[in-house]
Structures are given as C-alpha cells and as structure tokens.
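Chain lettering (A, B, C, D, E and F) follows the sequence in which the chains are written, and residue indices restart at 1 in each chain.
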Amino acid sequence: MSKLKLGLPAGSLKESTLEIFKKAGYNVNVSDRSYYPYIDDEEIECVLIRAQEIPIYVQENILDVGLTGKDWITEMSADVEEVAELTYSRSGLRPVRLVLAVPYDSGIESVKELEGKKIATELVHTTRKYLEENGVNASVVYSWGATEVKPPVLADAISELTETGRSLKANNLKILETILVSTPRLIVNKESWQDSWKKKKIENMITLLQGALFAEQKVALKMNVSENNLQNVMEMLPALRKPTVSNLFEGGWVAVETVVDEKDVKDLIGKLKDAGAEGIIEYPLNKIVP
Amino acid sequence: MSKLKLGLPAGSLKESTLEIFKKAGYNVNVSDRSYYPYIDDEEIECVLIRAQEIPIYVQENILDVGLTGKDWITEMSADVEEVAELTYSRSGLRPVRLVLAVPYDSGIESVKELEGKKIATELVHTTRKYLEENGVNASVVYSWGATEVKPPVLADAISELTETGRSLKANNLKILETILVSTPRLIVNKESWQDSWKKKKIENMITLLQGALFAEQKVALKMNVSENNLQNVMEMLPALRKPTVSNLFEGGWVAVETVVDEKDVKDLIGKLKDAGAEGIIEYPLNKIVP
Amino acid sequence: MSKLKLGLPAGSLKESTLEIFKKAGYNVNVSDRSYYPYIDDEEIECVLIRAQEIPIYVQENILDVGLTGKDWITEMSADVEEVAELTYSRSGLRPVRLVLAVPYDSGIESVKELEGKKIATELVHTTRKYLEENGVNASVVYSWGATEVKPPVLADAISELTETGRSLKANNLKILETILVSTPRLIVNKESWQDSWKKKKIENMITLLQGALFAEQKVALKMNVSENNLQNVMEMLPALRKPTVSNLFEGGWVAVETVVDEKDVKDLIGKLKDAGAEGIIEYPLNKIVP
Amino acid sequence: MSKLKLGLPAGSLKESTLEIFKKAGYNVNVSDRSYYPYIDDEEIECVLIRAQEIPIYVQENILDVGLTGKDWITEMSADVEEVAELTYSRSGLRPVRLVLAVPYDSGIESVKELEGKKIATELVHTTRKYLEENGVNASVVYSWGATEVKPPVLADAISELTETGRSLKANNLKILETILVSTPRLIVNKESWQDSWKKKKIENMITLLQGALFAEQKVALKMNVSENNLQNVMEMLPALRKPTVSNLFEGGWVAVETVVDEKDVKDLIGKLKDAGAEGIIEYPLNKIVP
Amino acid sequence: MSKLKLGLPAGSLKESTLEIFKKAGYNVNVSDRSYYPYIDDEEIECVLIRAQEIPIYVQENILDVGLTGKDWITEMSADVEEVAELTYSRSGLRPVRLVLAVPYDSGIESVKELEGKKIATELVHTTRKYLEENGVNASVVYSWGATEVKPPVLADAISELTETGRSLKANNLKILETILVSTPRLIVNKESWQDSWKKKKIENMITLLQGALFAEQKVALKMNVSENNLQNVMEMLPALRKPTVSNLFEGGWVAVETVVDEKDVKDLIGKLKDAGAEGIIEYPLNKIVP
Amino acid sequence: MSKLKLGLPAGSLKESTLEIFKKAGYNVNVSDRSYYPYIDDEEIECVLIRAQEIPIYVQENILDVGLTGKDWITEMSADVEEVAELTYSRSGLRPVRLVLAVPYDSGIESVKELEGKKIATELVHTTRKYLEENGVNASVVYSWGATEVKPPVLADAISELTETGRSLKANNLKILETILVSTPRLIVNKESWQDSWKKKKIENMITLLQGALFAEQKVALKMNVSENNLQNVMEMLPALRKPTVSNLFEGGWVAVETVVDEKDVKDLIGKLKDAGAEGIIEYPLNKIVP
C-alpha cells in the first residue's frame, strides 16, 4: 500500500496543529507520548518532530509532507514546495515575528548601529542575511535558548521570535526591526509533489485543513422573521453563503439561516433584532468548503 | 479612540468567566500569564484582578465595568451600578453561599448561641452586619485563608463561602445558617453608566453574555416526521422557539427543528419516538437571543 | 423517592466515561475529588470506583447498574445482566486486549511453550482459564502493577492489558496470543432488572448513551445545490438519514442537509463539489436517535 | 560471580528505604525510573517492586532477600526468615497500624457488632483471620483502593492501614480496634539463609542498616570544660559511648566529646551549661556500630 | 499536662522555619498537609497559619508563642513581647524589605512626589504611617496580591515586600525608599511570658534555635600539624572557640580542631597549608551554644 | 573592584554543580529563576547558561571561567585552558559517554558498516571527525532532541550522550562504539589565565572544589580501643590521613579517629570490631584538603 509520510511539529505548534487536523477530520492519537503517533488514515504515516527539523527531512525525502513555520523554512533554506499557508486562528494574537531587539538603555536606535556588535539568536542564517542586506557587519552567534536574558552581559542584541513582545519587554528589551513574519506552512518534497497519488492526497488534505481553518472564524446564524420583515433582514446579512429560507409551523413566518464571520456577530445581532428578527440562535461549525 | 476599561476576576471564577466571554464572542488571550490580557475588541482594555478588588476599582472609576460576585460587592459596600446577574451554569452545582458553620460537636445550634464567640472569616463586614441584625455580639476576625480548619482551636465558628459544603463537612463543621447567596454580577461605575457610548457598549455586552448563558442550557433538536404525525409531534414540543418545518427529499415527510431545554431532552426523546419522530438529532448552540 | 444506584469507573476509563455521559445529557460533577459525585438527575445516586470493583458491587446489589470493561466482568465471573456494549470512539485506537507476552529473546513462540513457566498478571482467573483451555500448566501469580517490567527477572511471561502494544514493545516483549478483547459494558443487577421502574430508567439511559456514541462518529453536512444538480448530489449522499431540502432565498437553488459518517467526509467533500454542491458546511452533533 | 538478589519496596516506603540504605553505605540510583536500579555493590542485584509482592518473590527464591512491611508478610502467610526489624525513624510518627474502622454514626462500638456486615480491605486474609479469632462472621471483600470512602454506601466497615488516623477521621470513620502493628522487616529466603556467603553478606547488611538507623536518633556533642568542672560535667553525660577527653591549646581546659540521644539534647544543653560546659557543639552522625 | 501553644508560619517562611526547628531539635511533621502538625515534644501544641495571622492570635492568647516577620508584627500593631530575632541564613540573600516603588518612567523621584497618588499594598497601616511621617497625603488601598503589576493602570505606586528587587525590576518598577527591614521574630503573649513554666520553655527554645542558626554559619576544621608548626597555625585560627589539640599516632604531630566562620574557610585553607597544616578536613555542625 | 566572570551550566549538570559549589563554600542562590544568580563572593559574577554555550563564551572572553563537559569543549573546538577535571561522584554512575548506536535488528555490527548511512546527533562535529578517522563516509545531521527515537525512520544510526544506556535500550538501539567519555571540566579564557589576580582566584576555587569532591567519597570514623588492641586496629586503618589518638575518660582506653573511603566502610566495620574496636561512629565530611 502507498503511504504518505507526514511530519507534524512537536513543540509549541503541536497542540494547535493536532486540533486543526482533528477538525479537518484527521484524528492523531499521541496519548502514549510516542513520536510516531497513530493517525486514523491508513495511507498516512505520521511523525512528530521539532519544527526546526521538518524542512530538512522533507527536502531529503525522508518525509513527503510536513507542517512547520515560515521561520524555519527560511532559516534552513530548504529546497521544498510550499503548498499552503495555514493561518491558525489564535484568539486574535498577532503572528510570530522574528525581531531584532536591544536593551532599552543601550542607546541603539536602528539596525545600522549594530555594526560590530554581538547578536545572539536561534536563527543564525536568517539574521546574518538580514544584516548583510542592511550593510551591517556583526557577530551572530547561536543561542541554545533563554536568548532574551543574554543582553547586555552575553550579547549586545538578540534576534528572537515573539508573538506579543511581552517576554522581550519583561527583559527590558525594545524591538528595533522585524526581520520576518512567520505563519505555519505545509511543505512538500519536490519529488513527492510529482507523484499524482501523493499530490491528490495532499491537495485533499489542504482542502480539509483550510475548510477547518475557515470555519474557525465563522458561525451559523438562524433566526425567525415574519414575511413582512424578510427583505429588511436579508439586506443585513453578509453574502458569505446564500441564506436558506424555511417555513415555520406558524403561518406568516419563515426561518432564515446563514453563515457569518464570528467577529461580526457582536454588532450584527443588535441590528437584526432592530430589523425584526426573533429567536436568533448561533451555532458552531466544523468546516466550510466554499 | 474611546476605551472601555473592563475588570475580569483572576481567581476561581477566571476559567468559567473567560469561557462565557468566549461564547459571547469576546476572545481573551491570557496565554502568557499577563494581568493585562489581550481582548479581540479594540475598544476594550482588559485587566485580570482578584474578584475582591473589582468593586473598589469600579467605584473609583479606575475601571468602567467589572465582573465579580455579589459576595464581594456586598462586603465592600461598593457604590456601583449592578447591571446584570450572570448565572453561570456549572453542571448542576448550587450557587456559592456564605454560611455560618460550627464544629459538629460544639453543641451550638443557632446563630443566637454565637454570642461572645470568636468567628473567623474573609468577609468581615458582611458577617458583622448579619450578626448585628440578629442581635448577636461576637468577635469577628479576618482570616487569611484555610478558614475551615480554624475551629475549634483558633475560632469557635466561621463564616465561609461554599458551593457543595463538602470542605466544611470534611472538617467536621455543620452549617448553621446562610448569610448570603452569591452569583456573578456585571457592575458599572456610576459615571461611566451616564456615558452613552459606554452604556451602549456595555448593554451590547450584556445581550451577548446572556445569549451565551441562555444557550448553555439549551440544545437544538431536529427530527423527521411523516405528515400524518406532524400534529402529534408538534404538541409535544415546548414553545421556546417557533419550530421550523422543511420538506424532506422523500415526499410525505417533513423535518421539524426546534430548541429545547437540555435537561428536558432525556425525557422528551422517548416521547417523540412514540409520537412518530424518526432520526432525531441533537446539536449544540453557541448563543440564543430571544 | 426511588433511586437508581450507578457505578462509574474511577481509573483510565473515567474521563471518556464522564464525557459520554455528558453528551448523553447526564452531567456528573467531580470537581471536588469526591468519590460520590453529583449527577444532575435526582433519581440517580452516583459512585466513582475502580472498574475492577464494579462487577461485584453490581452482583451484590450494592449498585443497581455499573459501567465497566468486559475484561473485569470476565475476571470476576460476575453474575450480572450485561445490557449494553458501549464502544467509545477513541480517535481510532484499537480496543483493549488482554494478551500473553514474552521477552523477544526468550525463544518462546506459542502458548504451549509456557508449560511450567511463571506468568505475572492482574487478571489471574482469566489467564488461568485460558491456559487450561490450551492444556498448559503454568504458575500464574498476581501482579500489583508494573507487570510489563517483570520479565525476565521476576516472571517468564505476562498476561497484560494493552491498547497499542507500545509499552510491551518498549519493554522488549512480544505478543504471543490475545486472550480477550474488551470493550466497556453497562451491567445491571439481576433483581434490579426485574424492577420495572429501574429497567425503564436504565433503558432510557442506554438510548441516550448510544445516541451520544452514535453521534460521535457522525457529522451533519449542509450544502447549496442548484435544482439542476439536485439529483446528482442526492445520489452521492449516504442513506443514513433522509436528507432535508429547503429553498434558498435566491431562486433556482436549494439547501440540502444530511448526516454522514465523519470518516467519509474526507472523501465525500471532493465528490460533492464535483457534482455541483457549493458552500458545504459541516457541523457537530450531540446525539442521534435513529 | 555470586549475586545476592535484593527486593526493595517501590511504594510509600521507597524514599525512606533508599535513604536508610544510603546512610548504611549502599547507594541505589533510581534516577531513570527503572525497576532495576543500579546499586554500588557489584555482588548485589536490586529490584524495586511493590511491598505486597516482596514476600512471595522471596518465598519463591526469585529474590534472596527483601525489605517489606510486617503487614504484607502476614497477609501473604509467606514462608520466609524474618531476620531484622528496621524501625525507620519517621519524625515521631506512630508506626503503621491495620485497624478496623466504622462510620462515627453507625452505632457500632465493638468488633462483635460487625457480625453479618460487609468489610472492605486490601488485606483480606489478615482481616478474615482476626474476625474468626473474635468469633465474628462477616463478609470481607477486597478493595482496590480508596477504601476509606467506601462506608457507608459500599461497605459497613473497613480494615485499613493508617499512621495518623487523619484520613479516617476526614472520612468520618472511627477506629474500633487495631488488628496489627507493622514495621519494616528484612526477610530472607530459607535456602539463601543456609548459603554461608549469602548469610554473611546479609548479616553485614543488617549491621550497617541498624548502624544507620541507630545513628539517626543520636548526635555527637563536644564541649570545653575547665578541669575543675570535669567531674560535674561527666556525671551528666549519659553512658551511651565512653566520652573522649582531649586537651585544649589553652592550659587547664579539656574538650569532652560524646554521643547522646538527639531527643535528650533539648534538656541536656541547659544542664551542661549550668555545670560549666562552654562552647557546646553538636554534629550529625552517619552510623553507629556499638 | 501544661501545653505551650506555638504558631508557625504556613507561607513563604514555612520551609526554612521547619528546617531551623529541626536543627534545633524539634521535629515537626507536616506530611499529611494538616494545619495542626505533629511536633515531637509532648508539651507543645503546634499550629501552621499564615504569618499575617500570628501576631493577633498571640496577642489574643489563643497562641502562647509564634514565629512571624517584623513586617506583620508592625502592620498589626500587635501588643506582644518580641523575645528573639532569628536571622535565618539564606544563602547570602539580603533580608526582606518593605519598599515604595514606582514605574521607571513615572518621573517620580522621591516620597514627597507621591502626594495625591494611589498606592496599592498588602501592608496598609505601615504604609500609611510612613507617608504621614513624611507629610505625604496619598490614597493607600489594600491589594489582594499581584501588587507589582498594578502600576501604572491600577495604581501610581506600590509598597511591597521584596528580597532581591528582581520582581519589581521585571515589572519596570524602581525603588524609591525602604519603609521597613524585616526579619523573623519569636513573639510571646504577655500573660504567657509571666508564666514561669512557659517562660523557661520558651527560653530553652530560643537557646536551641539560636544555637542552630549560629551553627549554620560555622563549620569545624580539623588538621594535622607537626609540633614545630603548631604555634604558626594557632596564630591563624580565629578565636571563636578554643582549639583542641590531640596527639597523632605518629609521634611529633598533633591534630588541631576548631570552629570557624564558613565564609572565612575559602581564604583560610590556603593560609593554613602555607603555615604547615596538612590533611585539613571540614565537617558540618548542627548546633553551637557558646 | 576586579570581578571574575563565571559561567555555570543551566541544564542537567545544574543541580549537581550548585551542590558541589555549595560544599566548596560558594553559595549560589537561584531561587528566583534568574539566569544571573547571586553568589556570596563579591568578586565573582555568575551566569547560568547552557553547557553548550560555555566554551564559546569563555573563548571569546565574555566569561573568564566556566564549568562544562568535555563533550561540548570538544564539539566546539574551543580555544581555552582546561584547568581542572571535576569528577562529580554520582552514586556510582558511569560517566557520560558519546556513543554510536543502531537498531538491534539493523544488521549493522561495526562503525565501518555506517558507510553511506544517515546519522542524527547533537554533536555533529565530533561525530563527523570520528567517522573520518575511521574512514567512513556518512551523512551526519543535526538533531534538535529526541535523537534516540529517530532510527530507523528518520536516521539509520545516532551518535548520542548516555550514562546508563537505558534510554537507548528502551528504543531498541544497541551501542556500536564509544566516541568520547566526558566529565565536567573547569575551563579558563587564555587571557584571564595570564592575569595573576584571576589565576590565583581560580586556583583557590579549584582547591576548594576538589576538596569538596574528595570529601564526597570519604567519611570519618571514630572508635574506642583498649590500649592492648591499639596496634591491631591501627594496622587495619588505611593510611589516607594520619589517625588521631585521644584518651578516654576511662583509663586504659583511647579514641582513634581517621578518614576512610566511604566504599570501604561496608567491609571495614566488621574487621574493626573483630580487632577489638568498639562504639564505632561514622560522620560526614564537607571538604578534605590533603
């Protein structure tokens, strides 16, 4: 039997990745702490490894397909196909950024002033390349973690991944510039992408993952409307998906159902009530395939 | 930009509060243990503090609006507008009560017998006021926690918050009387409540929170009914929301859909099947705005 | 008031059992670590005990009804009514099996070669009976846990429960044979089963539990179809539940809604799109009563 | 090379057992959670298993020697040599007792009143034998844990191990009688005890373990005394070990050194100062072999 | 039997307090999380409560004696005898200080500039008194914890206990002034201090606790010296305790033994070797009573 | 003031390193999770970083002196002075080794057979160099952790640090060869080693650390001997340190005191008793400077 070898990230992306795969219809069971979890698709073999390692294993054809961040794809200069961007909805958080940061009281205000300085980072190549592009000569050294505590004793500046900037601030560091904005990507080995069976399987996976991601930001709304108010209510509903109209048991009334952006609901509900909608209910969705 | 300053409780109410805000459509991100979490509404600034502190910060206009328990609003005699009661559904648990309790073998049977005794509590003012109203003189001392282990060595009685009474029982204490029954409340600073922009924003928040709370206790039922049995089935369905009737692909049959109390489903399903309903499905709701 | 005494398993089955009861409509609150949790049905008294103990307590009429595994019902030779098998969906995991296992390098290849050996197990009776049926004389000793580390120093072989076989493999053990495949069962005391009030209450519980289990493997699909494509789309939909057809607000289009196996969705979505379905949404179900 | 196979208890006795072996001079390394820890004596092979299992493994000659409690030796009726009692000093705690306990409000006051009752316990045989000796017929059933929460719903009484009685009290149980007082014992297989090499090795182990246990309750005291006061001071020192007398650099003074019971030090120090001792220092001991 | 009621602090001081009591010879067993731990002195009854509560319980004669910090004795204005200061040695850390702190970028540089500001603190009275003494009017409000995150949103400044200042710095706060330096104290009820039995018992406790604290900072040194070098070596040894001189088995050599400050050992050893000392050994002490 | 900048390892070596520094007389306080812990020597500035990073920071003169493993000094080809080997006593464990390991069933029996294979490791340079020395061409790739689970799916072999080999065995890997045996080393920057103040300070640190390490493997023995038996007893005592002989208060007896290897005590005690020694006591040592 043909098998698709899939690499999933074991670190900070793990929980949200497994959740989105579950919503997409792929149950990955990691209950016994194995690095080779069970997935309920007999044609897929699953490996949990560090996000850093996935680009190389995909490039080397040890894995057919992997999910990792743009940051590590860039750092590794991996020669792979990047076939989908998967912007996990994370409760409104900004995406991960790789930033240059220096101590507040360092007096350094721009990347140019890093000339001749020591910079600690986990993404050495990406940082070096950025500095070169900016015409800056600096010593970039690999940091095995706790990078944000290195300045000013062990480094003059750092290049570090951050979501909220909070950890930087707590260490009295200010952000100079953003080197890279990173989101999760699905990457595929170039040979595997030529294999029609694998390609079709991966494309189906993308459809399902994006359907699940899309649904995370939507909800379904259902409401009762008297026939008189139907036109008014309809004008308020966004055109995301054609609304359904069903009869109520009680004559003269219809039920209208549609899908809207979750973030719009807060404002929409009041307007719908004003336009004559009653008994508005909202329910969750697993997946939307437009 | 105008900002609404919102205080949420950091302690035992935290998880259930964040969950109900999430269902209402407000995503509050506390992943990095900050006391100033991110909320996905640019017009709101959010603070996580102890429930005890919220009444005063709202009264003093440091916060516009806060969520806290009736217990601490009472204890603090806070001069605030109490604009909504939010009875979180907690899997059937009774609400929090402030009770007077004494050791089983103390011989004390009524509040009157606390005359001259030592009473430990975290809610000193509320307890003192209750004793005064009952004409009892007793020494009420503040307890910094572990109140239920204080009798009989360090106190004669306690006045303590309890949900199930289990911790009291495990410490061989019996409840004499209930001083107060407490549920979560939304409170607003009196000045902020005069500000029309803030008032409208808070009222919308209440609609959404109550819609989410209401939905927690409801589910949607959908079932197939032959046209012959429709009248019978309809008579069984509670009138919470006008039922929808749609045609099935197969002639002579309709689909009926409605919203019912979750606690009624256990009994209702048998009756609906007897009345001719088939293929009954139940699905969850996020929000109901009547 | 009549009361039904219900035993639920406290160990590894606990979380999934409470979850399926919740979906069935029974909220069991174990928040304060009690062994006598609160259940939101006044006619039921609930006890959390070890799965091993439930068969005897049901047999002895200390409990009316209990949920436990086939493994322990067999081991205890309990004289009870086995009224339902509840195959919890566990993300595709194989069910629990009781297997005979020996060290890889023991040279033992079949159950016959266990003649005269020492076998450690938590299920002594079941193991002994199986060996007798196979004409093997061996010394079976009770193991208080960590059974899989006993060979080769403390035992020659073990008889052990396993889901994935991973722990056996990590201890260099290979499986010889499967003695028993076990799934959760609802068992009832024989006298209680004669009591018509209790029987009706238990049967209702079974309907709801099975409705919840059934729903775990299904999802609802809703899609927009132009009237031209309706017949094509209908032919693709499995006949699990009669599809509903409603009109869209836009003429010439209908909404089709049905229930399908979750595991089929991965393949079905592509085919539906090919057949002309648009705006496919999937949403979760709590319960299905056919 | 000859090897002595030693079983150490994996459960509640583990930490204190490893500590006393360490003081005796045997370093047992369990850092990687193995059940076969490393011990720094090449002639010993060490196994960590449940205290319950040790008596049978020693009886069956799978182990030469084991450390377990008197409770499980009794329960298992193990045919072994009991060669040493090791009363671990546990900060003044009473030893473990197996007691019969009933609910406070059960009205039961003596073992005789257990006639016809249900008794849950982990030590079925010991409990049954005790009841028989007292002429009581009762149903004794094995309990897989959480025994103290079983009355009154699942049992009328329990027979349970306890150190402080606190857990019993917290479950509203009172102690009727003590069936057994248990301390740790070193047990030896009868054949191994005939082997002179093994016997000598075990006897040396006993000397060292007892030397370490003895030292746990002692401390060394050293003090300066002028020659005039020497006789007075000497009369106060207990005769545990002959005191040493050394000269100080300063003439007319001597240093006295001796070993005393730690529990006596609190009173002794004041008396010694009164008798003219100065610069009293106390230091810890690893081991004392009288 | 007479009993001395002793209160020990349950919070951050707990571990170090129990350790120093253990060294002093009082074993306090808190293994089962009780608030009434067992102490191996039958004449003492022990209670573990919050450091904040101890001053009042001692003042009110509910406890005879208690160990708490100077900070809470001051805050509570407790009318008690302060009979001993116990400066726990904490690996070189500075003692706890109550400090006034403001955000780095607040522009506030002195206590005077707090006029009219809001100050959050757990020690309201002490803070108010300090401000009054400095002629500053400010609003001091009680903080239920997480005080250091309150500025600048919820307070302008804080008054907070700190050892290292690290948590303040991490929250971008700078220290303005120190209100109070606090160390642990033994406090006694005024009546109990008049009771001669209690007084003697407490004085003995102080001797032992101070002996243990004193020993924490000392070690014993023993070394071999040829008689020729004895005078030189002697001149280097500090006069803390009269050195002992014993003969070695080998003629012409003596062993010298003394007690020195642990912090001096680092420098002393090199000098002693230079002066002719050989085979220097250092060993730990439990207690020193001068 | 001159300062010595010292790097200590933050990972698996941390606890044992801090303990040996404590015994040597350097108290390092890391209680508030800082990477810049407090050390009670004003002339030292302490940094906690990963063992991997220390060689480079010392080479670059960011640190004067650091403690790290031989493994990482080798891997980093750091140009530093290696001034002391510190063989921490770890309860009899073998030192850390870097080994080549392959799956048991790989058929690979020697390093030569790794030709053309993929090898995962955290020590890429050391592994590559070893393979080159053995004339083997193989692809060595960096592994970000969980290296032992990579074969056979993600690698053919691994080069991994191990103490007991247990984790390798649990992953069905066998050791082919040992590349390197690693122990902790103190390394010094080459310039700093020329600075006489720094050199003297580091040499003193080495004396104290080695004194503490030496003492970990020794204990002091003290015993009473009648003058008749003195010669016999003396012949049995190892010559590690000249024994002391003091008089007992009782005539005709002397006290003998000496230092011996802890591992010899188990055998020595029996022999000493046979030779007439009585009241043997053993006590622990902090430090020994020969």
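Criterion: a contact is a pair of C-beta atoms (placed from the backbone, for glycine too) under 8 Å apart; a residue touches a chain by one contact, two chains touch by 3 or more.
Small disclaimer: the values here were computed from a predicted structure and weren't measured.
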Maximum centroid distance from chain C, chain identifier (CA atoms): E
Pair joined by more contacting C-beta pairs (B-E or B-C): B-C
Classification of the chain D:chain E interface as same or different, half of numbers criterion: different
Centre-to-centre distance between chain D and chain C (centres being mean Cα positions), rounded to whole Å: 44
Interchain centroid distance [CA atoms averaged], chain A/chain D, Å: 57
Between chain E and chain F, centroid-to-centroid distance (C-alpha), Å: 34
Chain A residues counted as touching two or more neighbouring chains: 34, 246, 283-284
Residue numbers on chain C that touch chain B, as the complex places them: 25-29, 31-32, 34, 38-41, 204, 207-208, 211, 215, 220, 234, 241-246, 256-257, 259, 283-290
Residue ranges of chain B touching chain C (in the complex, touch as defined): 90-93, 164, 166-167, 219, 224, 246-250, 253, 255, 262-263, 265-267, 269-270, 273, 278-284
Residue numbers on chain B that touch chain E, as the complex places them: 10, 34-36, 47, 49-50, 52-53, 56-57, 62, 118, 141, 143-146, 149, 153-154
